[in-house]
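In the two complexes below, subunit A is the common chain; its partner is subunit B in one and subunit C in the other.
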Partner chain A sequence: MPKFLVDNKEIKAKQGTTLLKVCLDNQIYIPNLCYLEGIDPPSVSCRMCFVEIEGERQPVTSCTVFVKDDMVVKTDTPAVRQLQRTALRLLLSVHHVDCKNCQANKKCELQRMAKFLKVGLKPKGLGIYLREVEIDRSHPFLDYYPNRCVLCGKCVHVCREKNGQSALTFSKRGFDTVISFYGVRDLPTPECENCNVCIDICPVGALALKETQKEAVPNLQGEEDPNIA
Partner chain B sequence: MNPASNEKIDQIFDAIYKEAEKRRNEFREDPGPKIHIGLATCGIASGALETKKAFEEALDEYNIEARIHTVGCLGHCYAEPVVVIDHPDSGFPPIFYHEVNAGKAKMLAKLFLKEGDPRFEHVYGAMEENDLIPSVMEFARFNREKRVVMEKCGHIDPEDIYDYIAQGGYSSLVKTLKLNSDEIIKEVQNSGLRGRGGAGFPTGRKWELAKSAGEQEKIVICNADEGDPGAYMDRTILESNPHQVIEGMAICAYAVGAKKAIIYVRAEYPLAVDIVTKAIRQAIELGLLGKSVLGSSFDLEIDVFRGSGAFVCGEETALIRSIEGYRGMPRHRPPYPVQKGLWNKPTVINNVKTLASVPPILDHGADWYREIGTENTPGTAIFSVVGNVVHAGLVEIPMGVSLRTLIFDICGGIPNNKKFKAVQIGGPSGGCLNEEFLDTPIDFDSLTEAGAMMGSGGMVVMDEDTCMVEVSRYFLDFTQNESCGKCTFCRIGTYHLLKILERLTRGEGEDGDIELLETLSKDIKAGSLCGLGKTAPNPVLTSIKYFRDEYEAHIYEKRCPALMCRPMIAFYFDLDLCARGCDACATCCPVEAVFTTSNRKKGVDQELCVKCGECIVVCPPEYDAVRKVSPPHLVPYIEKPPEKKKED
Partner chain C sequence: MNQELTPEEKEALKHVASKLEFYEEQRRNLIPILQMVQETLAYLPPEAIKLVAEHLAIFECEVYGVATFYNQFRFHPPGKHPIKACLGTACHVRGGDIILENFERKLGIHAGETTPDREFSIEKVACVGCCALAPVAIIDETVHGHMAPSKVEGLLMRIEIEKEMEERAKKKDESGQ
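Up next, the complex of A and B:
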């Protein structure tokens, strides 16, 4: 069982576990958004979980490192914090900060990270850019908020895990990248009505049950998908 | 390999070679003239198909017996459509004609082919030494090159496998089949060949890693997802000599123990896709691919996979995802594709140029290859030199040649008496170098040290009229559009860089923007997931480093020193030069911003002018009266433009 140091604390963990998981299990918080046990290969897309490991030239993502004997890990160095703060500020610069009207308020990962990294929710110095489409209502049961989403991709993964085929995918490129329900109406049985795994896994409240869910639309005639040009 | 099977391989290949030789001799010994027309995409874009048609019609009309031989690209894009006419009866050597349009073709058919007059005023040079016409080999553009990969490009018909075989093609594969895989890998390792896709990883080592993965199934992929703006080396090679790439793939597959290979080529290269597909079919027909290659125990199946237009799919892990049918998004490495690649099988991914370098290496030996180029980077580099340069096109040079030699000696320098300003190497991932670096030798390490990178071979030369802030904006616009959107730094970081650069080019820069660009760039480089994000800020960082004064002029003086950024310039006419009564500018102005002054010269209504620059183009050179200034308030007052009549 590998034995190693994280922030001068000696830790033992099972061979083959990722450093991020071990740290989180040992109450050492490393900011992260896209990590989920079982995603293989890991997304490594949020670029938050940086740590410094002795012998490495620059900070590395802890979700891709497997624990090794005699590793010396630091989670709180200036280089690590610099990258984490920049990443968080970038995420917030395209985030519609409207916490009091957001279902994720008080359990939002962005709020947690902002507090932890001492970054204001409305960072100065960077312009604020929001996507045009405020809410994607094309799904029969769900609403998607592109300006809340951090594109961690967990919803895509859990949906595929549970239903064998994901009702959510990434679409478009660059800044315009969003989660899309493209093709959801072609799925054999959209299980979405009673599922909610994607809503539960979302760290920032970007997916929500339709407000009008009570009056539901069982014929699946949602609005046109804005992602299909 | 046992000697008996070696004999069998030789036997089968000899028969193929004899057929190729027979066809070649038949062609050579035909006493009539031969017309070689370059029909790669660049030639076709310049009208080579019309040229071919004109030749065909003229041959009919004047009743001339001549053969038309379609070939690939010689790399001389500035001279397209290129035609080489070999007319032995005329007593002249084969002659290289440039810019042969349909009219010229018809004229040459009549006057040269029929009447024997080569029309010296249209001759570019002779293809071989002789006493009558200077040879093209006397020009630096020809004699300073060293062709290894492109040796046969433009000389053979890419759609005829026998043309390639008659010139020695597939003999390296025959040699390979008689050696064991370790010997092949050793030879490639000894040659010092480094991957030509950009990173420069030693090819032999990659092959060895794949081979050491053991008995399991392996895959070889040829990466032809070339996407850098202005780069077209891979396309030209595939269109001009696909068999050399296929042969390289076969050798690689044999060496690493793969039975399946894939050419990943962009769908935007329809001609390359066609030619490669055809080439594979021909190779299968001759038994050079497929089950039991040349009678040996080696099987190889090659497929063509068309990439559907995402730049990021040139990144190897994204490329793999895209073949697997997923969205082309890179993943974290390790595991590297040689450990866990396509369908989780060990996969060797090599660039077109890398694979095309392999047959000559095995043919001439590793020592021969090592003698070309530099100690750390043996071999040649292929660049597509484009932009403000006289002899634009594909150039294959030994590694270690300086940028100055390449740009000024080989490619003829900057046109229109303009001054050299910068060269952008390595596409959107590379950097902009200024004239201080002209003496930098071209190889992987020197260019990386200078802040640019070798990249896959795109080289954009820029003259003094190019604004470096605008160039950075252009490249960031490209990378931002092509970012897959997966990771935070690339998706949002490059967007911020782009937005800041857009502000600068609009004249809305603020104090602190340069510093913000720099810190953001550094974090994006350190934080991004794949090569695209890690290198995307390079154009910004290098242009700030070497052209900081231009950024400062944009921010603090609202001035574009290169007079390129439209919101920051204004046009006017120099009244001392402007010709009374000339209306050239007024008639072409799309917004009717040009008015006639009281003494019948011209003025610009600054409120209407959209700064398109059409007036500069049409102003007769003997007057050359149009002037640009930046910032716009420096424009001299001429007189009040007339009130525009309101339309009813």
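Up next, the complex of A and C:
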């Protein structure tokens, strides 16, 4: 069992566990969005979970590092915090900050990180770039809010875990990247109605159940997928 | 924007279905298959995406996700008069995006789409190699340099008039015979 130091605290953990998981298990919070046990290899897309390890030239993402004997880890150095703050500010610059009307209010991972890193939810100095489509209603049971999504990919992963294949996917690229449900209406068994794993895993409330099922009915036919444009 | 397939396209789709047999049912074949479909049909209609998904036994959304990532795949049929608005550096500086927006507004479609009558399609391109003429748009094969918003309407009008004249000439020919 490797023994090592995190913020001057001695920690023991099983060989083969990632540093991020060990820290979180030991009540050392490292901001993270896309990490989920079981995503192998980790997606490393949020660029939040940086730490400094003695011997490494620059901060590294803790979700990709496995614990080793005699590691000396610091989670709270100026360099790490600067990277995290910048990453969070960039995320918030493409986020529709409207916490009052958001279902994730108070359990939102972005709020938690902003508080932890002392970053305002409306960061100054950066432009705000929002997507045109506020709500994607193409799914028969779900609504998707592209301007809340942080594109962590957890929903895609859990859907695949549970149903063998994922009914959600990333589509397009760059700034235009969104989660898409293309073709979900034609699936042989749209079990989404009672599943909800994607909603539960979403750290920011970008996925929500349609408010009434009545609303879902007219959507079943005809209305076009705004993603196709 | 779900456009009906033309009879020729339905025929081509059958052709695609028979060609699919040559590809093994493996995910790594997805992109070659999509390229083959686009070569045959000139774009990826929803029907074709469904066909490909069924062949590889994956969900349609996965096919869609891969296809939307790459610029080489298009989801709308090419129009009879393709319009390419240049957004390269020089054209960008001289307001290429305004020209693009003008075309979009005038035709009522977004970049990457085709008008319902399949006359026009708009595409964004990055540099066509004549930056001195910026901003540039290409309609059919003709390069139009020093574009201005006021020119957009004229260019579209000219194509319509040409089309009308052609039709009239045709009618005349027919009645003359």
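To be clear about the criterion, the second predicted complex is superposed on the first by the 222 of 229 C-alpha atoms of A that agree within 3 Å, B and C clash if a C-alpha of one lies under 4 Å from a C-alpha of the other, contacts with A are read in each partner's own complex, and residues count from 1 in each chain.
Please note the rule applied: a residue touches a chain if its C-beta (ideal position, glycine included) is under 8 Å from a C-beta of that chain, and two chains touch if they have at least 3 such contacts.
Computed from a predicted model, the values in this text were never measured in an experiment.
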First, second, both or neither for A:Asp186, with subunit B first and subunit C second: second
Touched partner set for A:Leu117, first subunit B, second subunit C, both or neither: neither
Subunit B versus subunit C as contact partner of A:Pro41, first or second or both or neither: first
Which superposed partner A:Val133 touches (first subunit B, second subunit C, both, neither): neither
Touching partner for A:Phe170 - first (subunit B), second (subunit C), both, neither: both
Common interface positions of subunit A, toward subunit B and toward subunit C: 169-170, 172-173
Parts of subunit A lying in touch with subunit B, wherever the complex brings them together: 41-48, 50, 58-59, 61, 64, 82-83, 86-87, 90-91, 93-94, 125-127, 129, 150-151, 153, 169-170, 172-177
Interfacial residue positions of subunit B with respect to subunit A in the complex: 310, 327, 329, 331-332, 480-489, 491-496, 499, 516, 519-520, 523, 526-529
In the complex, subunit A residues that touch subunit C: 165-173, 180-184, 186-187, 224, 227-229
Of subunit C, residues touching subunit A in the complex: 1-2, 49-50, 53, 58-62, 64-65, 68-69, 75, 110, 112-113
